[in-house]
Each structure stands twice: as C-alpha cells, then as structure tokens.
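Heads up, there are several structures right after this.
In the two complexes below, chain A is the common chain; its partner is chain B in one and chain C in the other.
Up next is the complex of A and B:
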C-alpha cells in the first residue's frame, strides 16, 4: 500500500480546467475539484452531471401549483370579497404573487436541496479529498483564491500514473503539488 | 483567418425578387386600399427599423459589458444597422399617408374631438416631423460613428477604436432609451390618440432587442451554413439561446405589466384598447401573440440542451419573426383600419421590405471582413467555451 494520492493547487480556473482536460485524456481518474466560486463547465470536464436544475424545475412547477391553490383558497373559498368590481376568481391579480413566490420558494428549496445533498451545514467537520484520504493537513485558500484538483482520492494512484499526473500538473502551471499521506 | 464575405448570387437574386414582389404589392395596395397600404408600410418599416436599432443596441450592450463571447459576431448586427437610413426615407414618404393612419392628423377630427384638440400642441404634423428628424439625426450620427470605428478598427487595429466604440455605445444606449420611447409613442401609440400607456416605450425597446437577437441568430446560422464563421460552436449558440430565453421573459413581463394595470384600474379610457383587441376579429391574434412571443420560447428554451441546438433555434427564430409581425399588427391595425386584413398586400409588402433588408445586410457584410480581425476579444470569442 504505497500508492499515494496527489493534489494540485492552482491560482486560476483556466489552468485548473486545462489540467483536468489533460489528465482525463490520459485516463487518470480525477477524484474532485474544489473551487472558491462556481466555475462553469468543470462538472462536465470531471464527467459528472448535476441533477440540481431538474430539482429546481420540479420545485418551481410544484410551487406554482401550491401558490395558486393557496391564493384560490384565500380569495374564492375562505374569504370571498368583492373589490373593485372584480370576480372572486380574478386570475390576473394572482399572476404577480405566483411569479414572486415561485422565484422565492424555488430559490430557497434549491439551496436547501443543495445543502442537504452535499451535506453542508453549520458545524460540519472539515471534509475535503485530503481529509477523506486520512491526511490531517489543512490546505488553506480553498474558499478564497485557490483552485484544487485532487487525484487518486482514497485508493491512490499507481506508480507511473502518479509520475505522469504530477508532470501534467506541473506543466499546466500548478502552484503547489502535494502528496496525500495515507494514515 | 477567414476571408471576407462574398454575396451568394442566389441570395442576391432572392433579395431582388422579394423587393420586386414588394414593389408590385405596394402599387397594388395603393390602387385598391390606400389606408390599408399606409398602415402596412408603417408596420413593415417599424418592424425592420426595430430590428436595425435592436442590433445596434445589442452591439452596444456587448461593448458596455465587455462581453467576450460575442466579439466574432460584431459585423452581423453592424450590417443590420444599415437599414436605418431607408427607414428615414420611408418615414418621410409617410407624410402623404398621415391622415389615413393617424386620427389626429385629420384637421376636421382634431377640431371636433376635445381630447385630440387638447393634445394637438404635441400631436401636430410639423412638430411630429421635427421630432422625427431630430430622432433620426441622432441615430444616424451615432450609427455612422460606430460604423466608422468598426471599419477603422478592422483596417488599423489597436485599442483606440475599441475604446471609442465603447464610449459611443454608452451614449447610444442612453440616446436610444429616450428617442425610441418617443418614436414608439409618436409613430405607433398615437394611432390610438385617446389612449396612452407609459410602459409602451420600454416595451418597444425590449421588443427591438428581442427580435434583433432572433435575426442575428438566423444570420449567424445562415452564414455558418454557407461556410463562414467556422468558429461557431455550441457555447455561442448556448449564449444566444439564453439571450432569447431571458428576453422572452422580459417581453412577457412587460406585456403583462401593461395589461394588468389597465385591467386592474378598469377605466374605460384605457380599457377600450384591449377591448378592441380581445374582441372579434382580433381575438385569435391576441392570444397567438402571447403564446408565440412568450409561452413557446419560455418553455422550449428553458432547457440548456435544447437551447443550444441549431435545429431548435432556427425554427424558434423564424417563429419569433412571425410573432413580431403579430405583435406590431395588434398595435397598429385595430386603431388605424379596424379590420383584419391579411392577403397579398400584407405578405407582398413584408416580402419587399425583407428583401431590401436582406440586400442591405449582405452589402454591409461584404463591405468589411466578416470577422472583426482586430477586436481585442476576438481570440477569446473564437475559442469561447464555458
């Protein structure tokens, strides 16, 4: 068990995305990429796909129906009152409330779903590829100005893969290359 | 680097045929029904003027926001803006048809109708044309300046012309916001001189951008099929699709904003506008307007996977061109002629204006190199990815 994981730390997103592209061309498995902001296209480069948009769509559709039912209950069933000569069921007045509440609730539900799915909540212990591999070091700047690519993860990389991976990382302009120590 | 655009003989022939059909239709229209023809000319002219100015607005937005993805497409909206001088000529020729379209331009009505008499210090023919000339003067000056900067940049290079273009883009957006509001109030809204809507101007501005983007997409895809703009990739199309999607929401929002306020207030002075348009014979068009311009693009382009496909964008843009016609038809025809006419005169005159527009765009594209070779963001745009 002397296989090791490897971490490349970059200072720009395009260097990182370049490195990921070249690593995947060589069939070296990339475990994870950590960026301080949502970098477009990284998911696709990692060969992963987010299902969050579909959740948003479902939440939005559900919210439209829910808010409509809520307004219909208020205006027609529970407290029917004539104002401005309008009928009880005055759809145009509903539209803006449906529009606004749909945006608000869809946003909140999507954020909550994201937090639940990624397991991010206040008081959570540090969980990044380094710590998952059993290395106790803390690598700073991941939420600030550093871009991290983790290779090997829990299983580690074989000897020659390790060689070519560090070459690619160095050539793509990695500022730091760290080896993950296995406990 | 790609060489410059050569006008395909077929397209040129098509342009001239369309223009010829338009000429016949306009003559036939004046022989049979002048009021219908004048309204049709106003509609078609405003249609293509909106596209031309929307294209300039599009370029200006790209400059002001320092957008990099769109740099390689700059020549296409840059060629669309050549229609503006034609629009000026047609608007001046409209002097002969003022009485046919605008109620306030008929002296006998202007004297009898208390409301129109009250508005006559603003709505009278000399002041109308004074405003028109000032507005067109501002547009032509800015467009000539922008075109000069683009051509000089292509020839000389350097950041100087880019900075100037950016500066003039800021001026254009400000000037366009004011002048196009006034223009739409004057030329379109004053057809129903008893009615007013303060949101009309911004609706016209956003419509012009919306449909201009649709035409830019059509031209980009068309040029790509002819073998130009080879660097076009799915990410460019994705951004274009997003533009259409967002603008369909803006269009729907503004349409509903105008409708809701009038519906809510329920004052006869303003509701009659919708009363005519929702009743026969315009009912079907009224609902088709919302479905084509908002509902279909909103639902179809919501998905990124669909919104980046040429097979989706192409029919969507063609549908939106029909949608823009319906949109303007509902703004102009019920107030001016009050009946639903759609026959050879309408189709023919639209084809004529479309032919002229096509010829001008092709001329504009062939004048300069098809890709802005010295644009500072060109490389970023050619290799655009997300």
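Up next is the complex of A and C:
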C-alpha cells in the first residue's frame, strides 16, 4: 500500500478553518491541527470540550468534605479543648481553613489531571506532525506563525482522498503541502 | 476592534504573527543593556545587605530589631503587609484577562504575575524570620506529633494567614508558569544555542500547540484563574483578620477586611504602573504597552484611591460614633493630631488626595506624572501600614506601657534585602522570559479575514 498522510501549512487561522470545513464535508479524516495561539474557530471545529472543569468540581467537593472531616476529628474527637467557653464544634472557625485548603488541593489536583490527560510534563520530547514529516524547514513554525493541519494519521489517505485533500488545501490557500513519510 | 477600557487600540499599528514573535522574544534574545547590569549589581548588593541582616536576626535573635514589649510587631509586619499588597495586582490582572476576558490585560498580565510571585516571596520571608527560631517552623504543619500530641491553632488568624500565603504563592507560581508554556515552546524553537534549547525545551513540556491541548490548556487556565479569583479577595482579608480579630484600638474594626483588600489592589496596580513605565522606557514595546494601557491602570487607581479615602473617613467616623474613648484616642489624638500625625497625614495625602490628580486627562497622558504618582502611592501605602501597626501598638490602653518604636539597621537591612530579592527576580525574569504573552498578543495580530478580499469570502467568520 502506498498511502500517505499529508500536512497542509497555512499562514492564517481562517484559511485553515475553511479548509477543515471542506475536508470534513468530504469525510477526509483530520488527525490533528497545530496552531501558534488558541485559534478559537479551529478549536470549535476540531476539539472536544475539555472535561477538566468537571474533574475540578469533583476534586473541590471531595476536598471540602475531607478537610471538614479532618478539622472535626481534630477539634471534637482527638483533642477537644475549650476556647473561651465555645463549643468544640465551632463551625465559623473552620470556614477559612476549609476555604483555603479547598482552593489549594483543588488546584494541585487539577494541574495533575491536566498533565495526566495531555501527557505534558517538564522535559518531555517534542512530538508533532512536522517532525514526523521530517521537513526541517517548518520545525518551529508552529510556535511562530504557521498553522498546520495533519490529515490521514497513521493509516494515511487512499489515492483518491489524497488527491481531493490536496486540492482542497491548495484552494483554501495552503502555502505548502507536506507528505508524512512513513517509517 | 479590540480596545482598552479607555478606548485606545491594544496594539498600535498592524503586525504580522512573525513580527509579534520577533519583537516580543527580542527582549530576551538581545544582549542586555548597561542599565540591566547596573540594576543587577545594585539589587545583588541589596540582597547581600538583607542576607547579613537575616543572618544577624537568626544568630543573635529578635533583639536586634527595634521591637519592644509594646510594639511586638514592627517593620517586619509592616513590610509583610506592604509586599503582600503589592503582590495582589498580578492575580487581579490574570482574572481580568481570563475570567472577564479583558483583552487589554494580555500585554501586562505576565509581568504583573511575575511581580506577584516575587512580591509574595518577599512577603513570605517576614513571617518566617520573625519567628525568631526559624528552624521550628515545621510546628505549623498539622501532623500527629510528639508534642502532646498538639494540633495547630486552627482557629487563629495567624494560622489562616500561613495557609493563605502558602496557597497564594503556590497558585500564583503555577498560574505564571502554565501561562508561559506556549511561549517557552516558542523560545525553544527559536533558540540558537544547544543549552538554551535544552532549558526552554525542558520547561516547555514538549508543547507544540495541538488543538486538543489548547482546549485543555484554556480549560486549565480558566479553572486556575477562577480559583485565584476568590484568593485575591481572601488573602488580604485574612491578613487583615490578624489585626481585626484582636482587641487593640485601631485594629478592632469591621472595616479592616475590605479596607485591606482595596488597599492591596491599589498598591499592586500602582506597582504595576511603575514597572510598566520603566519597561516601556527600557524596551521597544510601546506598540504593545500603549498609553491606553497606562490610562486604564490609572483609572483603576482613581477608583482605588476614592475607596481608600472613604475607608479612612469611615474609620474616623466609626471611632467617633462608637463613643469608645480608646478608639477616640487612637484615631483622633494619636493618629490625626498627636505623635503620629505626620505619618497619618502622609498616608492620607499620598493615597487619597494626590491620586485624584489622575482625573485630569493631561496627567493621565504624561509618563512623568504617572511614574511619580505611582511611586507616591506605594510610599503612602507603606505609611498606611506603619500608622495602623505602630500607632495602635505604641500607645495602647495604659499610658505606662507607651513606648516609641525606632527601627534598627537590621530592620532596614531586611527591608532593603527584600527590594533586592524583588528586583533581582524581576531583572532575571525580563532576561529569560518574553515579558508579554506572545500567544495572547497573536490573537490580536496577524491577517484577519476582514483584511483579505472580503467580497469573495462568504463562509461564516470563525
């Protein structure tokens, strides 16, 4: 089989957005898109809504319960001590600690979840379509002023699709079309 | 068109993406100017002075400070509150940018956050060293221990404060760092030497800007900013509770939390204005940090100044209205007309009166005036904390326990040292990291659909 994936390189986000719209109409699989800034039009077309907020909500709720239980354990069970005749379970003094620790633990858990989902961690190697295409000229463009859309992915595109994809990319204003070499 | 709140454009002139990248990373890539080395030398000297003072404090003891039985809190807590206040602006800008989507904050956000990080570090130093026995600081950690087993004083504002500052420092460092990952990736891809490529590569976490990661990234920054929003309000509120929960006249008032909070935002924005003016002078970034930006910050300052003025008046009014003789003494005798009258009136003039000049358009558009006013505000804010702390402590209920407070060279040394830490940090920051978020600005630049053959394009704008 001689199927190859291709990469279209654009200089504006809206041209790439148009291309993606037309590619989708032709059922050509769009594997990935790489942009130098969060281009919201393309994000809306390709991305799935992140579930991170739900994770944060769950983490926050869990933390509130845990911190409350911990404070209750300290104040009422483990070391009951009378401060100025107030009850052991004096909720108002708990509020600020619960508030602070909820923020602290929720943000730490959220960051960890983000790193787990994206696989980003300090020291990670770069892995992107352009490097895979092996074209030195465009490395670095994706964090500067180039918008790239990768089509076909691992399987590549069949001859017919390959042709129509190239046409669409060219018509929408792609500056260059690269072929992903397969190892 | 995207504009600042004052109506000026966010970027002056039309720029391509490449121009934005080149200009903004240029501040890092060029060799530093002479003033940078001069600044580094000065701030290193200040750090050394501070280190000496801290060494003296730790080895000799708190007796080297100007404290005494009545004024148990002196310059340490004044400076702590002052720095923490300055730190608030960075997070406030993050919230403007990410939560309220105020695009004008994009150009200022990262520098303001850097300011937050270094200011909070300076602030955090004071509670640590004023423990005296610094090495026992782990007592504050709640864990089952052999000291009783005793738990920490979880219903003490001092403990809340430790939690608040720690959380604030960690969260602002995280926001700052995650906010620059895409730009670190840009720097990695532009790096000329292997060393800088490795360092930027390590910290950029292999970022390439794939759309899926951008989605998650935006979700993450939104959540972090959302979590930081209540922190901005609560950190200085909790600092104020250190005072307001006590029974000392002049501290024991319910206006203290909002008063401290607005004071923090006020002094923080003043510091942002000072630093932005200096950066604008030192680097060719006038098309990104426009007069419109400075104008917007000065409008926030007018608002802050009026609220602060109102808070001062309210304090005086409540002292009179309460009819408590100690309150009357502290506010009207000690502060307004007595021993602390000079400091009190410096505070009022610097914070509530001079910033009113910003009502004039001419002054808002004069760099010299803005710089002067922004510095005057922070001097005033320092005096505010001085008045609150020293006047209340030095002249309390019993005239027999009245004292005067004079700072020693060690007090001064630590304060100067924190300036050293702050400016060393800021100078290193502007050398190593693009100080304006490149990817945020790119959103505002480049060729837009409306610039390009509008007649032929009928597809929906994205």
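Rule of thumb we're sticking to: the second predicted complex is superposed on the first by the 124 of 183 C-alpha atoms of A that agree within 3 Å, B and C clash if a C-alpha of one lies under 4 Å from a C-alpha of the other, contacts with A are read in each partner's own complex, and residues count from 1 in each chain.
We take it that contacts are C-beta pairs under 8 Å (C-beta built on N, C-alpha and C of every residue); 3 or more make two chains touch, one makes a residue touch a chain.
Since we're looking at a predicted model, the values are computed, not measured.
When the two structures are aligned on the shared chain, A:103 is found in touch with chain C, with no touch to chain B. In the overlay built on the shared chain, the residue A:84 is in contact with chain B alone; chain C does not reach it.
Of the two partner chains placed by the overlay, chain B and chain C both lie in contact with A:41.
In the superposed model, A:93 makes contact with both chain B and chain C. Once the two complexes are overlaid on chain A, the chain A residues touched by chain B in the first and by chain C in the second are 40-41, 53, 93, 96.
Of all residues in chain B, those touching chain A in their complex are 256, 259-260, 263-264, 266, 302, 304, 385-386. Chain C meets chain A in the complex at residues 16-18, 21, 142, 148-151, 154-155, 159-160, 163-164, 166-167, 170-171, 174, 178, 181-182, 185-186, 188-190, 201-203, 205-220, 222-224, 227, 230-231, 234, 238, 241, 439-440, 442-443, 446-449, 452, 459, 461-462. Those residues of chain A lying in contact with chain B across their complex are 40-41, 53, 57, 84-86, 92-93, 95-96.
On the chain A side of its complex with chain C, the touching residues are 11-14, 17-18, 21, 32-50, 52-53, 56, 70-71, 74-75, 78-79, 83, 90, 93-94, 96-97, 99-101, 103-104, 106-108, 110-111, 114-115, 117-118, 120-128, 139-140, 142-145.
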